[in-house]
């Protein structure tokens, strides 16, 4: 019998180790799997590479990992925002490698990682310093730049409903990166607000089919 | 710039959005456009974090932390709205499905180059978000900005000195002084009340021409 | 006011002309917009390029267009199947250009066409005659082939519910190519089983957001 | 091949699918596997047209033309099933998310090359469907086929003479005579009742070795 539901945070994060590349869902504070991130903090793992649209606000989640010096590199589109105090400090100290990627290219690179695409051409970023020196190609008279897939050892995402096969729904704009990241990691872990019985989610309303998800943990957050 | 001037720019741009347009509003000044669209027109606002049919902010106390816009501010959804994931949101941009991106700007060049994401500082981290995707992908890019910097330097220039967001993409510029079309030339389409062409040209770093 | 609902078949197909490249939704007979195709037959347009997973069964839809000699070229993955009698005849006569594309590459090329992707690398088809002579690249030790986006002048798809903004849902496996093709055409036309009021479709259950759809036509099929 | 033999092959392969496996069944013989999985195991079947959690065929009269599998046959959905569009269905294949693809075969080479989509005829149109995507994308490809052609020619060969579906992808072969692992060598893992190694080797166009 398939049962992807795990009883606690420790079981949810088992095997997440030093040096892992972790895809972290969320946009601003919306859809961020804070409880899972709190568990990563407590687990003490270090030397992490994080892939996350933002770099954390205030002192929780990604910010806390940054503050504790657990992150070697962050790949994101918008690290600096209102409340990204910790990031600003850590970055200013030179203690963090930053790979800045346009948001649409970030999500497309993650999508490619999950979809078995070896690379793709996009017009985004052409003629800017973010693509300087990169391979370009003129296609139908337009210049495109080649971008590469991005995968994680782990994805941490936040769903609304989950079942024992790993099927997920999301709530409103908390959906954001969850469905994109779930297919792109070797180990995809979802915190959900509620576990439901198999079949309770209408097959047509499943947003992330269970085969993209390894563990589901219910968390009242 | 005063709040009143900012709203005046936003209102002017809102007036030019046709019924049925799909529009993305950049953070900052462009966000104000949503409050000024004529009630006779249906304009569908897109948010990069996976929303189409974004409505006005909720009344105080009715905010939902799961429902925010690109600026992370609480919003509502109109009847007919759709929710989708981040990748689909950028398919809409990159795939050329949005009619208009209304963006803020640091500088716009005579050739329509846009610089709006970085001041080229080396001590602070850069942050780009969806700026390059919108600039490269929307059918039309309009820039809403103050005509000059706080110290009076022109923002409309021969060549951008700040890092580019995208080359040759801006089609129109709305400032507190004028509405300027960007094409082979910079054509002043409209002057604000009491403003002369010469006054605008004196505050612009590239050659303007008057509309014929 | 936005109103994408059209009153009849003629209005639905207005502007679909000779030489058009038409993306046709459906898999086998499921999700095929037969009523729209019937309209295309009646309109008399010719010299068409069709993009369709299959090549029609029996004598309706794509089969009928083939039989009447209206199709110059078909781009598909599985033209020959039980009941594809018309295709077999027309093809044997040499009256039809066939571009055969692996199914996953077909859907990914259409997806790229709608997503503004200029090209992508896939492992599918590498080392086979379907990619012979094509540009390849070794990425992380695996050989990939470069594939190009595919767009239509027109997409004809079949939805379940539709509203005046063009939002669509689909029923069960009739979803298939609809959501993939809708973004990839200049003019996307949907036949739906039922028109509903704006707001009747839960925003979280919209499958094809309205901005990908130009016309919605209710049809009892 | 008799229906009984076909079912025997399908049953044998079904026996090797572990609990919790995500499996795509090719049309033809592999389709029979669904009817033979041990009830103690949950196997999740994927269909290329956008279904996961495919159940048994509906009872006569309960067919739904909107609910079919890759072979266009009516199916049902199990509790826990998911419906998605065609592109996502192939993301699952191409992205390596399916544990097993069980496919039919015309020929398999000693190196694991698979030929199962075309007989190389020039008068009839070729048709590939999802065969190449599955062969290139699934974590493990197992081939279920008759050991020889109707005229007695081996299907397991040194080099395929039919057009390839994908090179070097087959990990295991199930026939009515044997179960053969494809690796550095072709290892006969198991012989059917009453069949000898020599009998199988005589009907195989490449060198076999016995399992150690």
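Here the chain labels run A, B, C and D in written order, and each chain numbers its own residues starting at 1.
By our rule, a residue touches a chain if its C-beta (ideal position, glycine included) is under 8 Å from a C-beta of that chain, and two chains touch if they have at least 3 such contacts.
Treat the numbers as computed from the prediction; the structure is a model and nothing was measured.
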Query raised in the report: Count the touching C-beta pairs: is B-C or A-B ahead?
Result: A-B
Query - Chain centre separation (subunit A, subunit D; CA means) in Å - result: 35
Report summary line: Distance in whole angstrom between the CA centres of subunit A and subunit B is 28
**Report entry** Cα-centroid distance, subunit B relative to subunit D, in whole angstrom
**Finding:** 54
**Report entry** Where subunit B touches two or more other chains, by residue
**Finding:** 77, 83-84, 93-94, 137
Report summary line: So subunit C residues touching two or more other chains come to 108, 115-117, 122-123, 170-172, 175, 203-204
Report summary line: Chain-chain contacts, ordered by label, are A-B, A-C, A-D, B-C, C-D
Query - Contacting residues of subunit B [partner subunit A, same complex] - result: 47-51, 64-68, 72, 77, 83-87, 89-90, 93-94, 123-133, 136-137, 163-167
Report summary line: Note: in the complex, subunit A contacts subunit B through residues 27-31, 53, 77-82, 87-88, 91-92, 98, 100-105, 107-108, 110-111, 122-130, 170-180, 207
Requested in this report: Could you pull out which subunit B residues touch subunit C in their complex?
Outcome: 19-20, 22, 42, 44, 46, 52-53, 77, 79-84, 88, 91-98, 137
Query raised in the report: What residues of subunit C sit close enough to touch subunit B in their complex?
Result: 1-2, 114-117, 163-165, 167, 183, 197-199, 203-204, 206, 209-212
Query raised in the report: Can you list the subunit C residues touching subunit A in their complex?
Result: 108, 112, 115-123, 137, 139-140, 142, 144, 148, 169-172, 175, 203-205
